[in-house]
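The data blocks that follow each hold one structure.
Two complexes are shown next, each including subunit A; its partner changes from subunit B in the first to subunit C in the second.
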Partner chain A sequence: MLEEQGPEWMSEEVKTGTTIIAVEFDGGVVLGSDSRVSAGASVVNRVMNKLSPLHDRIYCALSGSAADAQTIAETVNYQLDVHSMELGEDPLVCSAATLVKNISYQYKEELSAHLIVGGWDRRGGGQVYATLSGLLTRQPFALGGSGSSYVYGYLDAEYRAGAGRTDTQRLVVDTLSLAMSRDGSSGGVAYLVTIDGDGVEEKVFLGNELPTFYDQ
Partner chain B sequence: MACVKSPLYSFVKVRCHLTNDVTRLPYCCSPIGCAHPRVHLKTETESKVRAVRKAGASSEAGKMSRGSNPGFDRHITIFSPDGRLYQVEYAFKAITQSGLTTVGVRGEDCAVVVTQKKVPDKLLDASTMTNMFKLTARIGCVMTGHGADSRSQVHRARVEAGEWKYKFGYEINADVLCRRMADICQVYTQNAEMRPLGCCMMLVSMDPQEGPVLYKVDPAGYYCGFRGIAVGPKHVEANGYLEKKLKKKPQLSQDRTIQLCISCLSSVLSTDFKATDLEVGLVSKEHIKFRTLSESEIETHLVAIAERE
Partner chain C sequence: MEIDSISSGSPASPSPLGAQPMQLNGCRSFRSMLGSPDISLANNAYWGIPSRRWDANAWKRQSSSAEQLPVLMSLFGGEMSLLRSPLQPPSPGFSFDLTERNAVLGRLLEGSPPPRPVKTGTTISGMVFRDGVVLGADTRATSGDVVADKMCAKIHRISANMYCCGAGTAADTQKTTDLLASNLALFSLNSQRAPRVLMAASILQDTLYRYGGQIGAHLILGGVDYSGAHLYTVGPYGSVDKLPFVSMGSGSMAALGILEDRYKPNMEVEEAKVLVRDSVQAGIMGDLGSGSNVDLCVITAQAVDYIRPYQESQYTNGRNRKYKYPPGTTALLSEKVVPLRMELVTEAVQRMETH
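Let's look at the complex of A and B:
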């Protein structure tokens, strides 16, 4: 009884339980995430922004182990900084996604994080790339994190190709809200980032601002 | 710990802790097992001596009346008997080879660098030729001298700045970056294997604490902050001109700073410039990020100078 164990959550790995979404629309992308960071059963941070900038118009959404995901994002941010200086212009979204994929694949065994990369560049417009387990694929929308399994069906049914900016933002917030209400590891507030040719818009939806559904 | 002189040399790949370059240094392998780098690089020096003798440069050696050193103090960066590093001095001469003069001035709330733009070949696409480079969003530089060496130094600076941001979490300051580049230049003046770079870097930045700053690094590894400085074939005259104009420490607005740089160049080079003959880079309080002026903006300043005269 001499040993001080400390609370259980101090020895659990910090995971971002998470729901992350990225959806492409005509002229840009919308990325969304919840804000809960859990260590086992306890919530370590209830307002973490999981949408991390890789460059001016390229963001990534973090899921899985918080440390692993943040480290990948920081490393790619550094590589893109030097790359864009050398190029003399903004980097392509596929460059950012490829850099993320390369790290995810090379350290597949050691890391457990999944990043979704979304952004806008002059050549391809709005693009979303999924990099799960080190693959690289461009998709019209991508989901990730533990909460995503609850809302695949909803997004499949509601996604419309060529939708506009506000419709896509509403779709993302609705999806996040549904996932957060069903997944124990997702919750808190919803963060939204909208990227298009004119710039980046960051929005937060507090708990009481989230859309409600039949049971609320 | 004494080392027995041994003719056994083996080359060991080491990473230079200052420049992060992988170089080969010969280590002395002696019977008692001590290993230390032999600074005078016997084998490399030997091959250089052979080359010098073959080329019949012994006439030069003959002039060096202090006979012990037959003249490779001019060929690699080791001290000459009178305490000079000839290679470093030659590097300075290489800066003037490009034929372009650069002027930089720090104003009240801006820092400006102006350089000549010479298109030597009619077939050349002038839009692809530039001596102004962005190192980070806030720090820009102008390179004077050997073109390829310039690009190498710029690339190195960008990587250093990126690494700093990654390691320490905030953007590097201009004076720290300048010091880092100067330290790297200094290593080249000590390593016999690598020659100094024949180019000079002039940095401008809006420092978050200090405001506008102007720094210069030269091939000797010396760096300093300046209120005004010129580099290139006419730097002596240009520095004299700037000293006169900045003697009374005037408060220079952005327009006046740019125009001072341009008039300095046109006065020492005795030419009337067209907008296509100049490149202007600046940072200012209104526009913190380093940018280069477009032709029309340069034209506006040239017109303003002409009107004032």
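Let's look at the complex of A and C:
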């Protein structure tokens, strides 16, 4: 065979088959993600942090094509920097989400990435926005990625409006753990980012620190 | 000369690109005859840089094809974007020059499969150790089932403090790293600063992302700058990962197993060299596309040690590669001397002005 192309994953695009979650609580927002990046059947990076900062108190969670998602996050990071310098104050979460939505909508045919935006600002407190396919909607919690389909029911059942900080963190970690154990494209470690008026807290849950359920 | 004889067999086609499909097909068989993956005629076409011989044929054919102008503009647009200096702001938006060109080619070729660039099966790996980074690579370049080059160099110099291993399409990795190296050299001269590894990774990411995966370069970039030792991997679609150890290429799964098992942070240099050598060796033994020798490159803040080869293949056939035979090796059976008598017909002297 003259046309040897090598194994398929050499030519496959690198995707973050993923579970990403963002949940609002009283006074802030918790974002969570797994850490697996795959190219076809092989894992390219098992420790990628998919929670990317857009500004001091605004983060986004990446899913879909790794290259597209990274590029959108970097572009919006730059645009928010310029915007906040022009305003002279921290930008709103809504502005960040709108910038992400603009890119996702204008290039929706060419891109295959979905970003969830979550953060805290002085006007609206903790907020979560979903920007799938270029829509913009504010939700109390948002899920994304291939692993999210396994845990919609769990999150619908367990979400409590007005929950506190630690309860929400525990909810996000439990949901991530369930999704990672069911979805082949999600796994590795769990990253958590908690944003409130006082600042940002980043946490990593290694494999043996994740909560276990009935079959583990 | 060969190009003319190939294109004379092409079907009568009004478009100037009627020459190109035949040329690419001709080049493919031409290339497989020679077995070298580096004949860059076809690969130049993939980069949008019109090669000189293609141009000569194209401009000979007059055509009023509506497809001529946008494709040619996309080719020149692709060339200009590649040569753009890093000091100018990057052009906004995505660059779909090559996808348009590919679509036009696909329509023209319709029926026959489009030409595919040659990939080199490879094992490349790298890791961060206490004082810097170690990069390793095998040295086999394949063209289909034949080993085209037993001693090819896959670790490319980017700057004094940065080296880059490349897997995937040989021409793409060489060209991408060459362009990166020259752009960074210009940047250093303009700013009086040594470039950071992060800058090189960002430039690679920008370039590869703009071409949407059309450039088949899977790269491992490692180096030491003022902020420490860094190791990045850049995929062909433009995704970047910063990791303590990484491997790419068709032998990467074999190499990664070794690295996952024995990697520890802050290893000593000799232990790190042995680990990278072992990981590349696993690829050489376990992957058909990798083989021959192991090259290593050890980069620290003080010096760069490019060890080529670090380990030689034990499967050579002992050929000297010296073909100088002493006089008398071939038996002389008979000898006949015929003097050539030449008549002096005319003689002309021309003075040269030399100062």
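Simple rule for what comes next: the second predicted complex is superposed on the first by the 212 of 216 C-alpha atoms of A that agree within 3 Å, B and C clash if a C-alpha of one lies under 4 Å from a C-alpha of the other, contacts with A are read in each partner's own complex, and residues count from 1 in each chain.
Criterion: a residue touches a chain if its C-beta (ideal position, glycine included) is under 8 Å from a C-beta of that chain, and two chains touch if they have at least 3 such contacts.
Quick caveat, the model's predicted, so the values are computed rather than measured.
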Query raised in the report: Since both structures carry subunit A, what do subunit B and subunit C do when superposed there: clash or fit?
Result: fit
Requested in this report: Once the two structures are overlaid on A, work out the angle subunit B-subunit A-subunit C from the Cα centres, in steps of 10 degrees.
Outcome: 70
Query raised in the report: Which of the two partners, first being subunit B and second being subunit C, lies in contact with A:Val37: first, second, both, or neither?
Result: second
Query raised in the report: Which partner, subunit B or subunit C, touches the larger number of subunit A residues?
Result: C
Query raised in the report: Taking the superposition as given, does A:Gly88 touch the first partner, subunit B, the second, subunit C, both, or neither?
Result: first
Query - First, second, both or neither for A:Ala67, with subunit B first and subunit C second - result: second
Query - Touching partner for A:Met48 - first (subunit B), second (subunit C), both, neither - result: second
Report task. Have a look at where A:Glu110 lands relative to subunit B and subunit C in the superposition and call it first, second, both or neither. Result -> second
Query raised in the report: Between subunit B (first) and subunit C (second), which does A:Ala161 come into contact with in this model arrangement: first, second, both, or neither?
Result: neither
Report task. For the combined overlay, can you note the least CA distance between subunit B and subunit C, rounded to whole Å? Result -> 6
Report summary line: subunit A partner, complex, touching residues on subunit B are 134-136, 155, 158-159, 161-163, 165-166
Requested in this report: Would you pull the subunit A residues touching subunit C in the complex into a rising list?
Outcome: 1-7, 10-11, 13-14, 37, 39, 42, 44-45, 47-48, 65-67, 70-71, 107, 110
Query - subunit B contact footprint on subunit A (complex, rising order) - result: 74-75, 77-79, 81-82, 85-86, 88
Query raised in the report: Which bits of subunit C are touching subunit A when the two form their complex?
Result: 28, 32, 94, 96, 116, 119, 121, 142-145, 167-168, 205, 208-209, 213, 216, 218, 233, 235, 237-241, 243, 249-250, 253, 289
